[in-house]
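Note that the chains take the letters A, B, C and D in the order they are written out, and that residue 1 is the start of every chain.
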Amino acid sequence: MPDKPRLGIGLIGSGFMGRAHVFGFSTADRAFDLPYRLELSKLADVDLETARQAAEDFGFSEATGDWRELLGDPDIDVIDITAPNALHKEMALAAIAAGKHVYCEKPLAPMAADAREMAEAAEAAGVRTQVGFNYLCNPMLSLAREMIAAGELGEIRSYRAVHAEDYMADSTDPFTFRHDPAGGGALGDIGSHALATAECLLGPIERVMGDCVTHIPTRPDGGNGSRRIEVDDIGRAFLRFDSGASGSIEANWLATGRKMQHDFEVYGSKGAILYTGERFNELHFYETASRTGRHGFRRIEAAPEHPPYGQFCVAPGHQIGFNDLKAIEVAGFVRAIAGHIPEPFGFRKGLRIQTLVETIQQSAIAGKWLEVPR
Amino acid sequence: MPDKPRLGIGLIGSGFMGRAHVFGFSTADRAFDLPYRLELSKLADVDLETARQAAEDFGFSEATGDWRELLGDPDIDVIDITAPNALHKEMALAAIAAGKHVYCEKPLAPMAADAREMAEAAEAAGVRTQVGFNYLCNPMLSLAREMIAAGELGEIRSYRAVHAEDYMADSTDPFTFRHDPAGGGALGDIGSHALATAECLLGPIERVMGDCVTHIPTRPDGGNGSRRIEVDDIGRAFLRFDSGASGSIEANWLATGRKMQHDFEVYGSKGAILYTGERFNELHFYETASRTGRHGFRRIEAAPEHPPYGQFCVAPGHQIGFNDLKAIEVAGFVRAIAGHIPEPFGFRKGLRIQTLVETIQQSAIAGKWLEVPR
Amino acid sequence: MPDKPRLGIGLIGSGFMGRAHVFGFSTADRAFDLPYRLELSKLADVDLETARQAAEDFGFSEATGDWRELLGDPDIDVIDITAPNALHKEMALAAIAAGKHVYCEKPLAPMAADAREMAEAAEAAGVRTQVGFNYLCNPMLSLAREMIAAGELGEIRSYRAVHAEDYMADSTDPFTFRHDPAGGGALGDIGSHALATAECLLGPIERVMGDCVTHIPTRPDGGNGSRRIEVDDIGRAFLRFDSGASGSIEANWLATGRKMQHDFEVYGSKGAILYTGERFNELHFYETASRTGRHGFRRIEAAPEHPPYGQFCVAPGHQIGFNDLKAIEVAGFVRAIAGHIPEPFGFRKGLRIQTLVETIQQSAIAGKWLEVPR
Amino acid sequence: MPDKPRLGIGLIGSGFMGRAHVFGFSTADRAFDLPYRLELSKLADVDLETARQAAEDFGFSEATGDWRELLGDPDIDVIDITAPNALHKEMALAAIAAGKHVYCEKPLAPMAADAREMAEAAEAAGVRTQVGFNYLCNPMLSLAREMIAAGELGEIRSYRAVHAEDYMADSTDPFTFRHDPAGGGALGDIGSHALATAECLLGPIERVMGDCVTHIPTRPDGGNGSRRIEVDDIGRAFLRFDSGASGSIEANWLATGRKMQHDFEVYGSKGAILYTGERFNELHFYETASRTGRHGFRRIEAAPEHPPYGQFCVAPGHQIGFNDLKAIEVAGFVRAIAGHIPEPFGFRKGLRIQTLVETIQQSAIAGKWLEVPR
């Protein structure tokens, strides 16, 4: 059996998401029969020392304090961007110009206009792209989508979703880049997940009515002063889907006690599905076709029948973890690079999410429903 | 010990809610030390035969086929209206004119203007009134209100609530009075519960942005034809409370699989509360003050510490039922009649709910935020 | 329509269970179409003053400080015993001798030998009897039994049940009659419920292996001293059913945090059922016949399809309460008195439970398996 | 910074557990700052072709069809045995004789006598050992143990645990090595997990009373015939701990619908803990010290406060997966090899579990309580 071709990875950034990506590469390589052998080639960070330490920890062969070094490196096929959001655009455009495939953490860019430029550049250059929306990679989400598509719920009428956490609930926590008016806010940060899930399950959203609220008006600036907060702490939207379904989402980073409330409920004429990110190895399913007196929401536990769960464990109910979702994301991207499947969630889709976020924000300011641009 | 004075009850209607009210009277009398002895005097229904049968089943002394007979009956102190919504106004006004206290099932009236007339008439006549919003009588709801009022959650920032059931999810079920354009729709029928709970917990709602959708456009008319549905199957609203909190509600009678999803979530700066009507003897509470590593939503089970649970059972966790909520409602009304407490939920509050419903409906039509009239 | 015949009730005792019985009589009369009209005739308690107060609260016509007065009263058809356990035998035998039907709270008697004497006396006298095992009256338990009987679970292989509460978990709480060596202990007090449920669902238990433990060796005696505890705080048993199924139960009154953990799990070749008393309006059901990838425990909510839930509420998911179980118990007893159905849970069955309890206790002492006498 | 020393791994077997171990090595290396750099040196399987394919998939440098080749290989420091149970002893003794550290999947050996020989050989040779009881590595289990040890539950009185799955519930599934009288059965296969958890949390078990049942008496032999089953389908035990606590466990591989019911409940004088393997990123905690009316089991979600969760994810509630437990197991073993910590679960502990299993089996046969040998 001939050796697989290699795919060299250049990583920019070594924080929370950088680390998660490395878990993803490492696990994907073992869990899936990929068309390439993944090689952790070079890691770039803000300075050489940081980069060297991370490269050693993460298993990269080389390190650099200058991310531009990755651009010309012939060993590198994929540039993986986990640097701060504000740098995504410059880095991605440079990587695309260098002919590299690009893997970029969400949000693709602070503004939809930037995201559009990036998506168009990638398409023009013919490189493959991936934006990190890992919750979409959950086998139970794939199951939900498959059930909806197969008509198991009948005609879908309504949708209710939320992504709520509490990481900004303490008003004494200081201003961060997430509070930056350019692209910040709960809607962009976590509402983007809710929106991606909504379109993944029910297809395109046609119109939105937004509601964005700032409940903590100022935060410490890290020094002795305080900074005014202009971004939303809570973003809500009513939704109309092309399909005729109606729905709503809420993004909330002040939801005291919530750590991963990425929830959705789908109601159709023949059945319904409930999901919570707090127990993401489960999907709850109701079907009207049950026998009289035997109706009820059933708790489906993730199992090998729900691909690609079986790549991680051959026994049902053993549960995959957050980092395994990243491995599934990596596997999809690598297969897209090989041309085996379409891009699972490329820059064009990343742009779409930014467009939804911005339309909701504009709608909230205007106080009226807006069509979502295509 | 001297005998208690009697309070004679005249009931109009003997359907689902009529029966529930009778359970309420009967249980209230035993569970609570009321200022009056309740006497089931006379029952009125559409004809004498129906009324007689119900009177016997329910334990009323007399029966009549003409509800107006109750008006002049000196043995009757309270007229209890569980007749169809369209008749509430005429009956209530007549009862008030006759100097009777009035207990009226929700909705008080199809339109806020009618409700206002009723509330004002009752106030002018000095009789006591009660509208049947029994979910408000749940000891766990009282607990939630008390916790919020005492500051256990800190400053309340956001609220998310829903009242969803599936009793209209089958599109082949025929047109009923609930689909009548005058006062019908999911928002009025069950959204009213969600709105009553919202104001009970967080105080007055200042502004709303509504979204009303009809997903099943026609229904069989009971003959060979079909009728166009003009009322909402789903009603949603964004909310702003006087307190500064923001929130949302959804009323949905197409929620396949849901039987009693009367849920709410309250998020404050120091804690949070979750509740579902599917398990209404529980309240879930999170407080930021827990020790590190010991945080979590705790499931509080209804117990004698949560009045008036102890009136029904001296042991914790044994659970009260739906009909017990009616008994609590009755007890509150009877005490208000005796002047011991203010009216728990009189016509003025019933009017308030109708006003909220209509403002949301108008906002949905207008496609913009509206102030809620006071 | 001719009036129903009356059934006069004489109640002994007005504590927790006396009150619950009165709720039961009152609600049963309204919820069910019973063959008799129930009349609360006379209430007996330890002295006339206590009895009079309770009679007024509960709606009895007369009161007495001497329970023997009930025996000769021709207006009384049923004597209902909710007095302390130690008095059950004397009272029941006297009532039977007086030709009254007898309703007796559990346990029927402290010792199986006494219970046998009572059961035989009742059978000889031809009166109807009822022991208060109200959890058996839950519609969801009836559903479980029906599903098992209909073969929906296939061949039943195993059973696991527990009845755990924490009302004795505080070692500073004083000695009570429940600690009395004659008939006391967790096994008799709450294990009896678990055993009744087990035989109700799976049929007769053939053999047991017991394990009884006293974890709190002494308790305050109410004065300045302490009393040695000889009864079990925790009683466990392995079970073999006639059917071939194996199982276990645990009774535990030291289970800190548990208020009503009356739980069981039934595993068969084609399905399984889970139940918890903490949410007694639900039954969880798994069937192997589901489609691939759609298996799961479904949460069945109590609904009118599950008789007699519909007697209390015509809408699903609204939930019945603890006191409603008593009403179902009363209705069954009254129908048995009319000869419409066999005794649901008469003294013979009460004796059976005592026999099971004692056999487990003897087995624990002997340290070996014992056959349960028939 | 100097390079870490390498630790060469030789793996025997490439099935379910072999694959899980490789995930463990790979993830441990990235998640933890280990004292060694792990190197996947050589993989042995039943024939060279199988081994080669697995070596490529898993990232091993070399492959062999003869596991004995690993013994003399100086590049190999650790021999990892995931071959069938029947081979564990021979392989482990050979590895120990060759001076290798040994990582062996559970059960250590079919019989306690064999396990003892292995444990003693390892101790004599001074090599480090690890048996694969990965559920013990769950951060929530560590939390439970820490809470118990710190006295947060007060004096522990009782314990109830179960490990139930349904992988043998279909009686038409054929005889496998798990049904082999030498070491097979549910008690050894999954009861061993329940026993390991029990002693991990509450310390040594002193006495047991066992109950072992075979419900499916024969199974297809893979040909046209059938084989008699002599091992237990269900194994139960009453337990007495040295500490004075009492408890029970059940192992059940016929539990239709259950995939990972590795559950336990711990009740103490001041608090209680509940856990289910079906949601292993949660721990439910009750403390009597809560304020009146605010008691309840709280759902603690795994978070960085619960080491080593934070090695996998810096955000709470994101959840780790089954394979991550293996990484934690690997990390502990590697640190023990470096001498930084004691062996987390070496052969001596594996022997202990076998001893418990066998004592329960013997007790079940004898029908009486037995002391557990030390």
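Methods note: contacts are C-beta pairs under 8 Å (C-beta built on N, C-alpha and C of every residue); 3 or more make two chains touch, one makes a residue touch a chain.
If you're wondering where the values come from, they're calculated on a predicted model, not measured in any experiment.
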item: Comparison of A-C and B-C by number of C-beta pairs in contact, larger one; value: B-C
item: Longest centre-to-centre distance from chain C, chain (CA-based); value: A
item: Centroid distance [mean C-alpha coordinates] between chain C and chain A, Å; value: 54
item: Chain A-chain B separation of Cα centroids, rounded to whole Å; value: 42
item: Interchain centroid distance [CA atoms averaged], chain B/chain C, Å; value: 34
item: Per-residue multi-chain contacts in chain D, two or more chains; value: 258, 286, 295-297, 301, 303
item: Contacting residues of chain C [partner chain B, same complex]; value: 1, 16, 19-20, 22-23, 26-27, 29-31, 33, 52-53, 56-59, 165, 167, 258-260, 278-280, 301, 303, 312-324
item: In the complex, chain A residues that touch chain B; value: 153, 157-158, 160, 162, 164, 166, 169-171, 209, 211, 213, 215, 233-234, 236, 238, 244, 246, 248, 250, 252, 254-258, 265, 267-272, 286, 288, 295-297, 367-369
item: Residues of chain A that touch chain C when the two form their complex; value: 143, 284-286, 290, 292-301, 303, 305-306
